[in-house]
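Think of it as A, B, C, D and E in the order they're written, each chain with its own count starting at 1.
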């Protein structure tokens, strides 16, 4: 009988690549004992398109658009990081007003992204009405997006050397108005995240990522800030951030709840930064055209909603970049994710996986060699 | 069996139960949508869904599954008929369990991890609401002295006045039975689940249609039992049932999905706690 | 039109698969379900399970890795089924046309019934697309009846 | 008439003993098979014939009395010897605790003289029927089983002679026990069942078997000691050790203590808390032994005793405590059964739990509850016999007792699995007999005063939900088969297996469907002897006055539904598609999915056991403590 | 008390936020990047637009004075609109509607 009572039989199942809760294609292979997670194995590569290669093939000026489409959520920041890289490679100085505009729109993107996340997170924990509520409010942000760049998702306002669109006084006042409206609608939701008992029960004390491990595994963005480490690239003061007043938001409880609260508070922070920047923004030109071809190497690090994004470009004086390496934030958050999952219940998979805000479209870093290619 | 008026009424009621269920589900979706500030689908949407599913290309997981799906509906109807013909309440509960088991066997038999875990959770759902419902039914019959619905209905005082706590407990049971947040652990109707569709994952086409209708019938049966809380006047009884129905939708919309452990704890503590207190009070009051 | 056909038109449950998109179109699909656009008006439920879905919404270009997933999902959907390619890159590959791992539009893998251009598409376009797809379904049903 | 009855009695007690001895002596498989089969047939025949007989009492010849006396002492000395050999203090102590008082009682007090040594009434005939019908089927089944069993063990020399001797002896002793009116005879047969049980548990001779057998023995001996206690009480208060006398006597606290002793004996036999461990340990024996112990013999001895004395205890606190022990046992075992991995342990916990339920019903001690107890006993015996036989076949086929290995058994052993599935369904689902019994039990509980009923109601609510849980998840697990590819598997089974399982299955279904008939013709007459009848049953319906169970319509509806379901699903048909695996299914391999680096992994499912939620060790401890406490209360209650 | 209760109840009794598209028109925001159209009278076939187009959706045939625009490839970035020195490309504010078939719009003078 001793033989028969040793280990339990385990359940093995794939979570994704198609899964209604995680609309993005990633597969996590779970091994669970009854409902307790014993092991997770990630399987990525479903989104791999070969963008870095395409960037090398294209005219460097055209690449803004493909970089924006690395991901539709932080599209603006990708465009911005790419143009910053090229600006460094071509020694272009960006006009101050353009810097401010970029800062404002980057924060708008963060706002959009965090609200999107809050909604998806609500949905993932089975809180459909909260999802609906948040996404209803989020339409305000999308509306601002559309007024600014002509599109709900892809702003496409970045140009090498500045921005392609300006904001007139009318638009600026619309911003203030809409931000106030947004905040008014958003307050009860933030209150819910901070206070609702059922929400807390669902998210507290799961997916613990101790500070040390977060650091060790190289977590970024709200994940590491949820573990109490104030790491935020915006403090390096790129674009107009150096002139604005803000502090990285951290929570110390190291769990899913902390990560959620970081994002809740960051939405307020974004609104605040936007208001500041809108007020301080000087007049002036918005574009500084420079037809030089990129040369040398450049590194750019920006803080995206999901954390640090890293661009590394090498120019060789032609219209084509020699190399463009992009490290996007979800990738470094995958190892911490695996750490967070083990030991919790199947029911906790959703909140934990969503707590890193997985955005797989930018994660596809690992070189995947397809059999048909080889 | 003589075909007298009451038998005819019973048969008509039984036949109407799936339709009532469908309409209620439509109301549910509509109300949910309105609570979420949306317009929502037409009221008869559930019927569209089921008819569509029925006509889809039949995909099955194995040969047991369709039969079990049919038996789920069948036993749900049988349980409903106990209510329609005003028979034994206790037996109705056991028959419901039988229906549930059929559903779970169908889910298990597919050997799909998602439907399996869903089935496992469905068991836990049964484990959490069955004893509570049993206790409520026992409380009812302790008061009325019978398990037979006809007898219960003949009882003069409205049960709500004697067993208010049991009525509240029925709210919890109904939330569980309707697979609503916070207790939609085994597979929920529309919201997203970590288990995809949970216990429903491997159903498709007509098997899903059968299961769907079975679920409607079960919900109506449960509501009919709630209706017993004001038996002397069926209109008030219906209103009571509908109140819990709306309550369940409201609860669905203000809670996230909680764990099954939490579900078990909640239903048992609230269920047992309230009913026991209620019974003790009645016993001191000399009613039973 | 029979009752069943009417039901088929009134209850398209969708399965959404992200085939390597940039998320732009995916979030618009989700946005289409939310209060402002409310796809559920048409009986649409994002069901997430191919075995119960009627409409497959694909975003993003097919690539060498995920085409088999797409194919599988399509095969797991029972007839009658429709495929809607959502977004420029699902139609043709769009901005990713010269990415080395991209196969182009999803019509290289599964038959597509409706193409929706846009990058990202707007929720209104998704609604239009569903209406178009349903018209096609109604047409199919009609022609079957005539036979 | 009386002679005819006496012959039948002699036949049911004597024949098993004789043919058991024959099987011990005569070699050869064929002879043994013939012998056993014939005995089985005769036993079934004579027990059925007994049905027609009205109540009678009589004394067998003096020579039998002497024989019983001699054999009893031989038995006690043997137990003493066993105790010494296995160095088991409890066994030694308990044997001595019997030897000395029995000797005193016999030789000093001369207390064993009783007018009517044997009593054949409705209850004993009912028990005899169960013992012989189910028992005989199990013994026939054992013919095939032991062949395979010894084949697995690769024994050089068959030990089957010994095995069948004790099996048959057990049947004979059970029969003798239920006829006995003299407490001394009852005690004697009781001890023989203990002996058989001990010998059968250690049949395979492994170390584990030996220790478990000794445990079983000392627990059984507690029952023996308790009997002696009752004999003394009977002798000093009523002046007789005839059950009929004791039961009709005026209840005094001292007499109640005597009954408490009997209840204690019954608990030990029926493995109620805190004595449940012996029955769990008995699992090491070959499966037919378990089938026999759990279904018709051994544990039923305890139930019989409780049922026998219950009418005398109506309205006493002792009765309530008995009910409490049963209820607690029922609930806790149902919870414990959820987390068991070993198939036979699940069955064992279920047995203990159901016995608890029966004892609880007997303890509640109203007409209704007594009816429930009898119904439960009847159907439990049949179903449990069936389940153990099925479990045995499965065990021999897949070489494992772990229910994790039972996954999708229906694809591998279609016949046996179907039998098991139906067998499981008969344990807890309507419209089968066990559920009918449970249903009557619930009706019975609510018709008792609330102050007492409330705790029991709660225990029952939880217990029955847990029961549904552990049966259901096991039942479901057997059907976990993705495809019907293995459908062509044909199962070849030896005839005794087939015969035994099909036979009991048929009996179970027919009797469930004919439950009203059973109640009218067997149960109600039996109840009528001690209680006012409360269950009325017509052809189709069982009515308790509180509820009504429409057996007939339910069955008709169920059968109609199955037929309709088969028809509709046949007509609809369907394409079998692989399970949903996130879209990464490997073509042609139904359960495989692509994972990291295009490797293939297999999706699998575990069993449902709530192992992390249910803490067996502490629950067990709790069970023992509460069991001991309740027994202490049981003895204290009389004083109050 | 669950924190969303107030909002939910308020929602229940207020008008849905839904725009009943397509039965009602969806309010258009000014400056939306919609479809584009080529004015061949202005175009001088310089092929600038073809060169800048990030998704190679434009093909200019200078010899035939013809432009093919693949609306199923276009990502509606309006870079071509910005680039064309002859202002030959007009940005329209309506978005392209879905279709059963992929097609290419041909502009000829």
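Please note the rule applied: a residue touches a chain if its C-beta (ideal position, glycine included) is under 8 Å from a C-beta of that chain, and two chains touch if they have at least 3 such contacts.
Predicted model, so just to flag it, every value in this text is computed and none were measured.
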Self-check item: Intersection of contact partners for chain A and chain B
Solution: C, D, E
Quiz item: Which neighbours do chain B and chain C have in common?
Solution: A, D, E
Quiz item: Among the chains, which is located farthest from chain A on the basis of C-alpha centroids?
Solution: D
Quiz item: Farthest from chain B in C-alpha centre terms, which chain would that be?
Solution: E
Quiz item: Across the interfaces A-C and C-E, which one involves more C-beta pairs in contact?
Solution: A-C
Quiz prompt | Per-chain Cα centre nearest the global Cα centre, belonging to chain | solution = B
Quiz item: Distance from the CA centroid of chain C to that of chain D, rounded to the nearest Å?
Solution: 60
Self-check item: Where chain A and chain E are represented by their mean Cα positions, the distance between them in whole Å
Solution: 26
Practice problem: Let me have the rounded angstrom distance from the C-alpha centre of chain B over to the C-alpha centre of chain D, please. | Solution: 36
Exercise. Provide the C-alpha centroid distance between chain B and chain E, rounded to the nearest whole angstrom.
Key: 50
Quiz prompt | chain D, residues touching no fewer than two other chains | solution = 577, 580-584, 594, 603-605, 608
Quiz item: Out of chain A, which residues touch more than one other chain, so two or more?
Solution: 11-13, 15, 17-21, 34, 58, 65-66, 69, 129-130, 132-133, 136, 151, 154, 198-199
Quiz item: Tell me, which residues of chain B touch at least two other chains?
Solution: 33, 35-40, 57-59, 113-114, 116-117, 120, 190, 192, 196, 201-202, 204-205, 253-255
Quiz prompt | Interchain contacts (touch definition) - all pairs | solution = A-B, A-C, A-D, A-E, B-C, B-D, B-E, C-D, C-E
Exercise. Spell out the part of chain B that touches chain A in their complex, as residue ranges.
Key: 32, 35-38, 113-114, 116-117, 120, 181-182, 184-185, 188, 190-196, 252-260, 262
Quiz prompt | Residues on chain C engaged by chain D in the complex (per definition of touch) | solution = 17, 49-51, 68-70, 72-73, 75-76
Quiz item: Residues of chain D touching chain B in their complex?
Solution: 408, 410, 429-430, 435, 439, 442-443, 445-446, 450-451, 454, 457-458, 460-462, 464-466, 468-469, 472-473, 475-477, 479-484, 487, 546-550, 554, 557-558, 561-562, 564-566, 568-569, 572-577, 579-581, 591, 603-605, 608, 613
Quiz item: What does chain C use to touch chain E in their complex?
Solution: 35-38, 41, 84, 88, 91-95, 97-98, 105, 107, 113-119, 121-122, 124-125, 127-129, 131-132, 136
Quiz item: What part of chain A is in contact with chain C in the complex they form?
Solution: 17-21, 23-25, 45-51, 53-54, 57-58, 65-66, 68-73, 75, 116, 119-120, 131-132, 135-136, 138-139, 142, 151-154, 359-361, 368, 370, 372-373
